[in-house]
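Chain lettering (A, B, C and D) follows the sequence in which the chains are written, and residue indices restart at 1 in each chain.
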C-alpha cells in the first residue's frame, strides 16, 4: 500500500435553522445557515472502514437543533458558534479541531403607519452577517463579517495613472461608476464584544467610507474602509476585504446619433476584477 | 415538405442597462434588465434562410441604449417599455407584435447621520419592480408588478380543516410560520398612472395585509392581499399573485431531551407549495 | 367586497424522486423532479378560509412516493405523469384540471473495460428529458421534450442579408460559431408511443440536423430541425423549440499584435438572442 | 494612521475564452474560464492611490486573448496557465507571485452513424477539467483536477458501527445509495506530463474504484480512490478530494400502504455531508 493520509476533515454543510423568540406577540427571528467540520483521529475510518470514531454528520445536524433549543433567547451567531464548537470538543476525544461557519440572513420588521410590526418581516435581500470559528483544545479563533452588501457610487471614483503595456487599452478616467459587493471579515479583541450593535457599527463605517471616499482605485477605497473601521472601532484588531469590481461600462451612444451625457452604462459581472487585502492595527 | 410554421417569435433577453440622472452632485440611479420579443412576417427567415425581414437582435440591444439616451430623466419602466415597443412597431412593417419585459433592481441611498447620501446607494436585495408589455398595431397591454419580495410572519397563520385521504399525514395547526416570496402583477386603468409612488403604495398594501391578516391558508391571505389592493387603489383593475409556500417545519426537539417551546424550525425551499390566483374588481 | 376570483391553481413544486429497479445486481435508476398543480372548486378556500376542499400540497408530495411504489418497474415519465393526473381527478371531485411537469435527469452507466457497470452511474450533465401533462375530466394532453442540450458548431453557420436601421452595427458573416442550449417539446399521436427509445430517436435527429445544416440563421436551423423530426418520426405531430443564441464573439487579436486566424472567441450568455417557434405536420 | 497592510492581491476573474483549432473541416474546440491574481509591490496603490505599479485587470483579460492567439494549437490548460503566469512575472517587476485558475468545460463530438462529427459538439454536462497554478520568481506549483463529476451507486455501500451520542438517530445500514459530485486535485511529478490522456486515465481510475468499491463510508471510498490513483499512475505524487455526500433518503412507503422494496428515495442536497482528505505516496 503506497498511500499516506496527509490531512482530512469531515462535517455537515448547509444546515438551516430558524429560531423564533416569543415575547407575547412581539417576536424576534433568526435565520441561519451553518457549516460544521471536524478534524481528529479519523485515519482508520479512511483506511479500514472502521467507523467507531466517526460521529455521523446527521448527528451534527441534530446537535445544531438541540443546542439552539437550550436557550430561549436568540444568541449572537459568534456565541452560538462557540457553543457548538465547544460541544464537539467536549464530547469527542477523537476530535482535535472544529470549524464552524455561520451565515445569518437579515430581516427587517414591516413598517405600518410608522411603527414596526410585532411579528412580520421582510428579508433584507442578499446581505448576510457571518462568523467563522476555528477551535482546538488550546485555542479559539473567531472572525465576524458580512457578505453580499452590494454598494454603488455614481461619481467620486476614478482610475488613472496605471501601468501600461502592449495589451493595455483601458482608457484613463477621473469619473467612473464604482460598484462592488462587499465581503469582509474582521477579528475583535475578544469574541465577547461580538454584538449586533457593534456589527452594525462596523457595517455603517464601511458604508460611510465607501460613500464619502474620493476613490482613485478599488484598492484605495478598500484601504480607506479598513483604516476607518480600525480607527473608529477600538475592539476591531484586524479586517480583510474581498471586493469584486462589478464593471459599469459607458456605452458610446454617439454612434447611435445621441449626444454623450455620461448617463448610459452596461453593468456586467463577467469578467470582473477581484481586489483582496487584510489590514491590522499598527 | 411536411412542416408548417404555426407560431414564432424572436428577440433579445437579459439586456442590462444602468442609467444615471445627474443634478450636480445629487444623482438618481436606475438598473434594468430588459427582454424584447417580436412577432410578425418571419416565415421565410425560417423556411428559406431569407433574412431581409430579420432585424438583428444585436440591433434590439442597441435600440435599448439609444432610446434610453434620448431622455435625460430616468423614466418609469412602463413608460420606457412602451417607447421601446412603439419604436419597433413604427420602424418595422414586418412586425405585428412586440413584448417587452423589464425588471428593475431597487436601490436605497446610504444614510449618513440621518441624511441620504447624494450619489451612493445599497442594492435592496433581491426585490424587483417589473413591467410586462404586449403591443400590436391595435392594442397595448401593460402590467406592473414586483418579484422576490420575501416576507415572513411567525404567528397568526394556521392551516386546518383540510381534505384528507390515505396519503395525508400533515398535522393540522393553528399556529405556524408563514413565509413566501411575493410575485405579483397588476393592471392599472391606464399605463399613464404607473408611477413609483403608486407602485410603492401597492407594495405597502400587500405588506400590511400580509402582516395583519389572520391567515387560514396561503390562498386565504393571497385573496386578502388582492382584495386590499383593489379596495385601496382605485387605479388597479386586476391583480395576480404567485406565492411559493416556503415551508418552515417545526423540529421535534423533545427527542433531543429539550422541552418544546415552538421555537426551532427547519426552513426549506424544496419541495414547496405554489399558490396562484388572479382577482379583478367586480 | 369588490374582488372577484378570476382564475386560481395550487400545487407542489420541486418534488424529488429517485427510484431504483433491482434485477439482482443489475440496477436501473431514475431521478425525477415533479411539479403538480390543481384547478377546481377552490373559491371558498380563498374567500372564506374554508379548507374542506383543499387537499394539502404535502399530500400531493406523498402521492408521488406512494404511486411510484406501486410499480416495481421504472416507468416512462409520460406514463407516471398520467397516473398521477388520473389519481387526482379520480379521488377529488372538487378538482377539474391537473397539470403535471416532470423533469428527468439522465444517467450513463460507468464503463469499465468496455462493459457498462451494473449499478454505478455518472450523471449526464445538465441535459434533461421532460414531460408536460394537462388533464381534465374530458381531455388529456401530453407533451414530451428535452432541455439544456447544449450544442455548438464551429463552422457552417452564417448570418447576413438582414434588415438594417440606424442602430445596426452587427457585421455580416458567412462563418460564425453557433452555440445554443436546445429546449424542445413535442406531441406524439398518442402518449402510448412515448418511449425512451423514441425520445432518443427524436434527440438524435435534432443533433444530426444541427450538425449537418448549412445554417443561415438560428431560425433557419430551428426550422430544419423541426422539419427533420416531423419527417423522420411519423408519431410526432407537432414540435416547438426555444433556442437561446449563446453568442461567441470573435476577439480582434490584431490589436494585440497577433495575426487573425478566426480562432479566438468570447462566449457570452448575457445578453442573448432567443428564438422560438412551433411546427406541425401540414 | 493606525492601519498596516498585511496581505493583498488583485486580478481578473471569470475571463471566458473559446478557442477553435481548424484542420480543414475537422475542428478542435476548447472552452475555458480563467482567473488571474497577482501579488507584489502594491502597497502604495492602497495607501496613496498611486496606480503606477497597477497593471489594469482589463489588461490581464486582454493578455489571455493575446497569448491564446500566439499558438495555433489548442494547449493543455496546465501549459497555457504556465505561459500566462510566466508572462506576468517576466513583464512586471513589481509582481512577486501569480496564481492562475483555469476551468475547462468538456465537449463531446456529435456521433452520426457511428462516426464523430467534424465540427459539431455537445457539452458534457457540468463536468470540468481544472488546473491551479502558483508561480513566484523561485518556484512554480501546478495542480490538475476535475470538478462536478456526479456519480451514484445504488448498492455496495453501507454506513454502520459509527459513534453514537444522545443526538444520534441515524439508523445503521449495510445497503444505501451513495451519491457524490467528485471534486479532486492532484499534483504530477512535473507539469510536463499533464496531458488530456493522463487526465482521462486518472478520471477513469476514480470512476472504476467508485463503482467497484465495497464502501463502508464516504471516507473509506475516498481513500480507496486516492490509493488507486497513486497506485496506477506513477506520475501522480499527491491527490486530494472534496466529496459532498448527496443523501438519498429511503422513503417509508409502508405508511402509504405500499410494500417496502427499498426502491423509493428522496435525494437531497441540503444539508449535505462534506468529506475531504489529501493523500500522498508513502
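The rule we apply is simple: contacts are C-beta pairs under 8 Å (C-beta built on N, C-alpha and C of every residue); 3 or more make two chains touch, one makes a residue touch a chain.
These numbers come from a predicted model, not from an experiment.
Asker: Farthest chain from subunit D, going by mean C-alpha coordinates, please.
Answerer: The most distant chain relative to subunit D turns out to be B.
Asker: Looking only at C-beta pairs that count as contacts, which pair of chains has more of them, B-D or C-D?
Answerer: Between C-D and B-D, contacts are more numerous in C-D.
Asker: Quick one: report the Å distance separating subunit B from subunit C, using the average Cα coordinate of each chain.
Answerer: 24
Asker: Can you give the whole-Å distance between the Cα centres of subunit B and subunit D?
Answerer: 37
Asker: Let me have the rounded angstrom distance from the C-alpha centre of subunit C over to the C-alpha centre of subunit D, please.
Answerer: Computed from C-alpha means, the inter-chain centre distance equals 28 Å.
Asker: Quick check on subunit D: which residues sit in contact with 2+ other chains?
Answerer: In subunit D, 16, 62, 66, 166-167, 169, 256-257, 268, 270 touch at least two other chains.
Asker: Enumerate the contact residues on subunit A facing subunit C in the complex.
Answerer: These residues of subunit A touch subunit C: 166-167, 169, 255-257, 268, 270.
Asker: Considering only the defined contacts, which subunit C positions touch subunit D in the complex?
Answerer: 16-22, 25, 27, 29, 31, 62, 65-66, 68-70, 72, 107, 110, 112, 117, 119-127, 149-156, 177, 207-208, 210-212, 248, 251, 253, 256-259, 261-268
Asker: So in the complex, which bits of subunit A are touching subunit D?
Answerer: Within the complex, subunit A touches subunit D at residues 1-16, 35, 37, 42, 45-59, 61-63, 66, 91-92, 94, 159-170, 215-220, 222-223, 226-227, 230-231, 238, 240, 244-245, 269-282.
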